[in-house]
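For reference, the structure is listed below as structure tokens.
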């Protein structure tokens, strides 16, 4: 655990440093390497594994959304699965009832989730720490029941859910639907990660972190905490909702029971394991929550849950800044003693 | 009118369950200022333990008290091993540990006992309706049991030396140490007691909702609602809140929203209370001079 | 006179900051030691160090046994009662419950007799027996804090500014009680006070603390008589 000297007692998590800016040419290089690494699976993986990787990127995006409000802004949400569900259903309803193209549903999904997030952000302002965690937890528990309700059955398809199809690859591109889905996911997720990256490094991002670590001082410095927190909630919900949209088309199916409390918990685990308040950490988190259960499921149906729980607690005890923090420290070691 | 009376009586019966779990949550909240998200899962595990004791041929009441003892021990052990090391950690860490606990206990329960729904016996002969169908034997019996538990807990905190020490440790750990109270152990005892109360609630509700690893999830929500209604650091309020939520839930289910939105009712109560009166409807004013 | 508490080379601090830089002092059996000093000198920290509430180095011997490294509750159980700054009252509990907590570690049959004796000393507490302690006046709370500490039947009483924030009349009353404690019960007292005149009148030994070090020490009565010391150190 990092030293907590000077930390405001209300602060939800310990202070986490923002790395210094990298020179432009290095950033360009990283970007190129990143794109190459991201596209390599297109040729290296067959369809099932590519699908899994697609889902991992989607989960990473959802974790990123959670990280913005929870990691960077210190508002603990155990209910981000609700936004994931809303995004998924927005896309599914528009595609299956109104024959919209997937791309067209994205802005709608983003706006709907953003607005709902903004709306939830208001009561959240009054709820410190556990209260917010408790409320969002309750929201997540109630979600499947709300989705199943008769009054919206015509839209949601009730317990049966809705089926939809993946977007077709553009004519002329020699890609299978699975491969195209992967590219689509990369484009959307890449755009969101870039957005988040810039947001965190902007003045607003620093303000988010300042309100997390010391709300009183931030307020004294003239920051409008209420507006910051609600907007953080909106952006966060938007990003997680977009991930939900992607998951709906990638899986080609939405149903109430796929959005149980465990989606929210999974996102939370991903955030902690990947690295709280770390953009790169969100990516690790996505990979973790997708692949570790797969491995664990080989042991038993219940094993993933138990292993999740054990790993979550181990990380909190031993590596509270997650994978990203571990890598950062290893990196610093190497730099000091090359 | 008969229907209404029955709904209220049935609401009081489930309310007793919510009140018990709410009390367990409030006890831990008072001592640590944390909400135990795993309280429901712990109760479910306890109920499964009781189920296996009964399966093994033990008489019901032997299993009942045996389970209380085992659950108490589990609560103490959990506090010592998992909660104590992070007692001063940031909120996010604590919430994470509770979620980890929920995952471990919930899934281990499924792993050990399976996911098929099981029938859990009621110690109260349940075929004969009492008072002209107003209340079933199990409803009456379980209400009496939960009320007995609540009264015992109240008497323990009110009249015993240990109960007083636990309250002192919860209110003011520093001062408690200065009168020689072993505060760490008081917290562990509190966890044990909370787990034991949850176990009783689980055993009383299982004959109604049937036993499976997710049995307590919805009940936990109602318990949250009850605890918040009473003011999360007020045990008496939590109990009252639990009963109110039970009645409210039954009436809303019967006359307003139907049974499919029951969880949403709990959610609405939670949000409503937190937005309108975060200190709870029965929130007691703590008088203090600084 | 044999030492009840003997402290040598006591260092203490909070996290990385050092507050005490090696103190030597003692409390005699049945004696009163006054610890004087300006705000922030480290008086409260000294009391906390004795009770194991902060990180410490050095020797703290109580009745010939070391207290170093022991948990607060164990130190208390050996017979050290501490009335901390802020008084440490259980505000949410009643006066009676605060009394019961004071006697928490005791198993003997004289608890009720002690209750009665202390209620005789502090009749105002008796009148407010079932009232929430948080509703008591400042003076009443200080009396409750002292009563609670005495109910431990301590061998050593640590008092952190018992006169703080109280009207002169109440201060007189409380010091009267302390004289009584000294005379009747043979309890050793380590008294931290801003009111040097009163403290020196009560004490047999006195130490003056300045930014974590003892700058002067001696027989209380002599210090009280020494005008030069009074002017330069105590400012009256």
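The chains carry the letters A, B and C, assigned in the order they are written, with residues numbered from 1 in each.
By definition in this document, contacts are C-beta pairs under 8 Å (C-beta built on N, C-alpha and C of every residue); 3 or more make two chains touch, one makes a residue touch a chain.
Chain identities (UniProt): A, B = Branched-chain amino acid ABC transporter permease; C = ABC transporter ATP-binding protein.
Quantities reported herein were computed from a predicted structural model and do not represent experimental measurements.
Trainee: Sort the other chains by how far their Cα centres are from that of chain B and give me the top one.
Mentor: The most remote chain is C.
Trainee: What chain pair has the highest count of contacting C-beta pairs?
Mentor: A-B
Trainee: Between chain A and chain C, what is the separation of their C-alpha centroids in Å?
Mentor: 55
Trainee: With centres defined as the mean C-alpha position, give me the chain B-chain C separation in Å.
Mentor: Distance between chain centres, rounded to whole Å: 43 Å.
Trainee: Need the CA-centroid distance for the pair chain A / chain B, whole Å please.
Mentor: 32
Trainee: Hey, which residues of chain B end up touching chain C in the complex?
Mentor: Against chain C, chain B makes touches at 161, 164-165, 167-168, 171-172, 174-183, 286-289.
Trainee: Which bits of chain B are touching chain A when the two form their complex?
Mentor: Residues 29, 33-35, 37, 82, 85-86, 89-93, 95-97, 99-108, 110-111, 115, 217-218, 220-221, 224-225, 228, 260-264, 266-267, 270-271, 274-275, 278.
Trainee: Under the stated contact criterion, what part of chain A meets chain B in this complex?
Mentor: 1, 4, 11-14, 70, 74, 76, 78, 123, 126-127, 129-131, 133-135, 137-139, 141-142, 145-146, 148-150, 261, 265, 268-269, 272, 276, 300-306, 308-310, 312-313, 316-317, 320
Trainee: In the complex, go through chain C and note every residue touching chain B.
Mentor: 51, 53, 71-73, 76-77, 81-82, 84, 88-93, 97, 100-102, 104-105, 132, 134-138, 141, 148, 152
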